[in-house]
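First chain written, first letter: the chains are A, B, C and D, and each begins at residue 1.
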Amino acid sequence: MISVGLIGYGYWGPKLARNFVDSRGCRLAAICDLNPERLAAAASRYPSIPALDDADAILLDPKIDAVVIATPVSSHFELARRALRAGKHVLVEKPLTSTAADAERLIEEAARMDRVLMVDHTFAYTGAVGKIRELVRGGDLGEINYYDSTRVNLGLFQHDVSVVWDLAVHDLSIMDHILGDAPTAVSATGIRHVPGAPENVAYLTLFFDRSMIAHINVNWLAPVKVRRTLIGGSRKMVVYDDLEPSEKVKVYDKGITVANETENLYKTLVGYRTGDMWAPQFDMTEALTTEIAHFLRCIEGRERPLTDGQAGLRVVRILEAASQSLVERGRPVELDLEVVS
Amino acid sequence: MISVGLIGYGYWGPKLARNFVDSRGCRLAAICDLNPERLAAAASRYPSIPALDDADAILLDPKIDAVVIATPVSSHFELARRALRAGKHVLVEKPLTSTAADAERLIEEAARMDRVLMVDHTFAYTGAVGKIRELVRGGDLGEINYYDSTRVNLGLFQHDVSVVWDLAVHDLSIMDHILGDAPTAVSATGIRHVPGAPENVAYLTLFFDRSMIAHINVNWLAPVKVRRTLIGGSRKMVVYDDLEPSEKVKVYDKGITVANETENLYKTLVGYRTGDMWAPQFDMTEALTTEIAHFLRCIEGRERPLTDGQAGLRVVRILEAASQSLVERGRPVELDLEVVS
Amino acid sequence: MISVGLIGYGYWGPKLARNFVDSRGCRLAAICDLNPERLAAAASRYPSIPALDDADAILLDPKIDAVVIATPVSSHFELARRALRAGKHVLVEKPLTSTAADAERLIEEAARMDRVLMVDHTFAYTGAVGKIRELVRGGDLGEINYYDSTRVNLGLFQHDVSVVWDLAVHDLSIMDHILGDAPTAVSATGIRHVPGAPENVAYLTLFFDRSMIAHINVNWLAPVKVRRTLIGGSRKMVVYDDLEPSEKVKVYDKGITVANETENLYKTLVGYRTGDMWAPQFDMTEALTTEIAHFLRCIEGRERPLTDGQAGLRVVRILEAASQSLVERGRPVELDLEVVS
Amino acid sequence: MISVGLIGYGYWGPKLARNFVDSRGCRLAAICDLNPERLAAAASRYPSIPALDDADAILLDPKIDAVVIATPVSSHFELARRALRAGKHVLVEKPLTSTAADAERLIEEAARMDRVLMVDHTFAYTGAVGKIRELVRGGDLGEINYYDSTRVNLGLFQHDVSVVWDLAVHDLSIMDHILGDAPTAVSATGIRHVPGAPENVAYLTLFFDRSMIAHINVNWLAPVKVRRTLIGGSRKMVVYDDLEPSEKVKVYDKGITVANETENLYKTLVGYRTGDMWAPQFDMTEALTTEIAHFLRCIEGRERPLTDGQAGLRVVRILEAASQSLVERGRPVELDLEVVS
């Protein structure tokens, strides 16, 4: 029975708490938050679980095996490092840290202490993304030509991080999970509409070595909620709409055929191919349930998580580069990421 | 009765022909195309209208008052210049020319000859765009925060121009029409998936002097057709979906409120405001019908068209700058456009 | 502080429990269910609330003021009668009883004991239905021409009642709430696809004295979930789609105009009128929250609930008549309902 | 080369004319309409085809082989009978006649004269309905449990026939085509909202010998256009939405499983099965093109058309019975139809 302490009970913390309480093989031993109101909410919802206002009470508790961190991004590094040093396994909400340097230090610390470091890239544990990964990795889509995501809605404006670090991080972690490949450069543009606040609209283009491009459109100021990704492959194409109650993933047997004209070798003929559409059934288990089971299995078997520190680091590196490009109105910023998957 | 000659009977020409034939106040006097098959199609469809394989037969015909040019972009300049020099009024399919320098020369020529030069920015003549322009110019939306358009589908791949010149041109001309303001720089990224062919996926960000950003997503390789634009205003927001059979324009009474905390002057509080949605009724006349009536009125009254040479030039300048940025993977390219509207 | 006992912890009971626990002005004093598994679930979820397997422990508890009944329909009458006789206020899940005679007896008992008898016609307490009632009663729609509802999905098959008593009851209670008028006859058709089970597909037509018709399409064997109602008025029309995340209620300024030809008095000319569409914002509070607050207010002030015993009786009478017509393949069955509203 | 005469150039006539003109193997020899305006429109559109105001000029013209009748329903019988007697092959717009007795007489006349009698049940010639027929007849859906169609929109109000004869006729002819089975009784309800005009809202339930039911909802007074049919099979289910630009036919691998409990033989356990969804690609040729080619082939080979006089008669018999039931507010009316297919 793995004993888990949760630090942070804001927006995401209550969902983590509910799922840890409902998971087998672990028990939620303590909840910590600095905000008295949130702490009271935790105490009221889970009367039998200690609600603490001091993270040390969790970090230093020898009976706690694993720490889950769901605090603002800026505090991830310090809390995670202390937890690892105290010999805890650690699950950190996305993004892993606010700098790549910090992410590297956490990876080293986890290796040194032989503890599991996992980042909560939640979408990697959904049935939909798992099915898409299967289609991409299995070659059903052919060569991937592009990945194009729109993730917009009204709010929730963050004070400390831009819409890139808040929303684009989801697409970056999904891409990291399904593609097995990393971008070599990024161009980002965006704007802030609240003086003094970070960017609330942003557009990212990711360049790859191969003939592929990725684009992410994120916006906190949209009148409608959209969660839609197009993935174009040379054989098939996918539309992934996370707001569809069923049929979130649609696979289109569509594409182009390319031929050279015989009379004009320099002119290419493009033909169009359209066939059936297919919406595969997949596991509808809540992502956090799957993710927590995976975290516990990794702890027990000392396995490398699917979304390990390296995955967290890759995403943070792209976020850093995007932030730099954003300031320079789209000037491309090079990336040098290592992918092992 | 204005006598009109049509040059070019490919994809767009037949639609122009049908609308000129059905319009009052003009007659379609001749159709020209270099391709024998297309010419035969024109002759079969309009047995009483001469079908010619020589543009000069139209350009030099003294009985023809106006020339409509619906040929590949690269030939627009030469044909339009010769038509203007021959004293004809000219309507040119979008984009006006393939270079800004050529567009300037056409504008000069039209001024010198005192003839109407109009560019076929078709969407400017739709009821939907007219209604949005009314809402924007009338202040209903408040300050415009962003314009974000997605215009994707499978095909039609062009040989001579990229998806930017083929699809993004629509959004640029719509923006030119509704905003009364021009971008100061552009960052563009994209990719080609057919060797030797122009880019078939592209993303444009347009920067403005004021607190506004625009973004255009165009793609010839998408499994689904999307024609959707979000326009965020400080008071209201618009979703314009051109594929909706009715309710193409939806106005959302949504937005944010910004306040400063009293206890912390450096921290801004963002609130959310959501109200009714409203889909205004508007004129459903086919855009070409309205546009041709406007062209004829401008000829008769020697008025400046809504989509005159200057509008065509502004759009071509942005297309040129975008093409340059695209090669440089998003590096921003400055623009210096004059807007009189 | 009103003390409430809940009998029945199956599908609907847990939702009632959660809402009573979260409501102010009352406390959930006990939960009863005959099924040991469900009882254990209640005990685990609410460790501090007694979980009982004997309804009498609630019905005879003098400290309990009000009883909520969420058991199978066949047991509603007996439990509600005993609760009323014991001096409790009673809220009964829909439909109120399985026969009109039983509903009448409950109404008498409640009157005799001077206790509140309320039926859980949940939709009457949603913001959407409240807004539609407001539009209908305020005359915005003009004369109501028809009410046409489709309520279909896959499952949940009931063993004891047909799809009419399970799904159509929602539409009947919504109509009862918004129209202020009752049907004078009903024609119903349907079919059962599981031998020995009740009908799982049914169609009801309701006739009214005035120039109005209502139709309800219910189906437990549909591949897609649909919750859509069209309400046609002489001035405006409503589409109410309960599955829309936002914009559940759309008001269309559409209709026909009727004129008599001057040259032919016997021939009527029908014209069409189309205008704006409007999706009003409304209260998004969970229906049960509103409903429970209303129940508590009625208890405190001895007020007649919006969905009182009479409303429950009217709906049961239509259900009885529909069941009879269904057996006779649509032969119309007369109704004689009294409406006071 | 089959010579064709068209009688009736109102709503449907122009579509027929265009398709006959574009079809190989035939020529449109003459168009007739009693209305001078329509006749002028025909003459203007087809200057080389005689436009006549006297049907006899077509019916008695020995050079004309086939007559197409697109006039109001009440005139179908007389015109078709005279055409057959004059030795012409005949294609009649739906519904075939206004009484079953008339339809029988036409069938006899066609047999006597050995001429082709075909009814224009257009949907039978669409790729979508052809694909559904293939799925149903091939057993992919298993036993058909229900057919449930909604066909509503604003207008076009007819003066001479009710919404049943105008819209429900489409569903009856589609069912006739795909099922290979005929209903044994019908219950219909409806209402008229324009005094003196026929019913503009109607609901039909069709009963079958086997465990199947069909329902049709038609309405000329709906704020939105709907063309949606659910077909429930024991193995799979279909949603056919004719307004979808692509993916008109969706096949759901969903259903129920029925088992008897071991401990309680009287209680049936219903389980649910959900799998993939699949939208098959099919022929997108315009239905009239396919239909006309079929008509010409039947004439040349003296074959029985897919939608022959018998199909037309079966549909008219159901329409007659429905009209009778409608007057009696849903009382079921028995049918005795013979199906050979």
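Things worth noting here:
In this text, a contact is a pair of C-beta atoms (placed from the backbone, for glycine too) under 8 Å apart; a residue touches a chain by one contact, two chains touch by 3 or more.
Treat the numbers as computed from the prediction; the structure is a model and nothing was measured.
Repeating the C-D interface with over half of its contact pairs identical by residue number, the matching pair from A-D, B-C or A-B is A-B. Set side by side, B-C and A-B show the greater C-beta contact count at A-B. Remark: chain B and chain D have CA centroids separated by 43 Å (rounded to whole angstrom). With each centre defined as the average position of its C-alpha atoms, the distance from chain B to chain C rounds to 53 Å. Annotation: 38 Å between the Cα-based centres of chain A and chain B. Taken residue by residue, chain A touches two or more other chains at 274, whereas all remaining positions touch fewer. Those residues of chain C lying in contact with chain B across their complex are 246-247, 253, 274-281.
Considering their complex, residues 145-146, 148, 150, 152, 154-155, 157, 159, 185, 187, 189-191, 193-197, 201, 203, 205, 207, 211-213, 215, 217, 219, 221-224, 230, 232, 237-239, 252, 254-256, 258, 266-268, 270, 272, 274, 325, 328-332 of chain A touch chain B.
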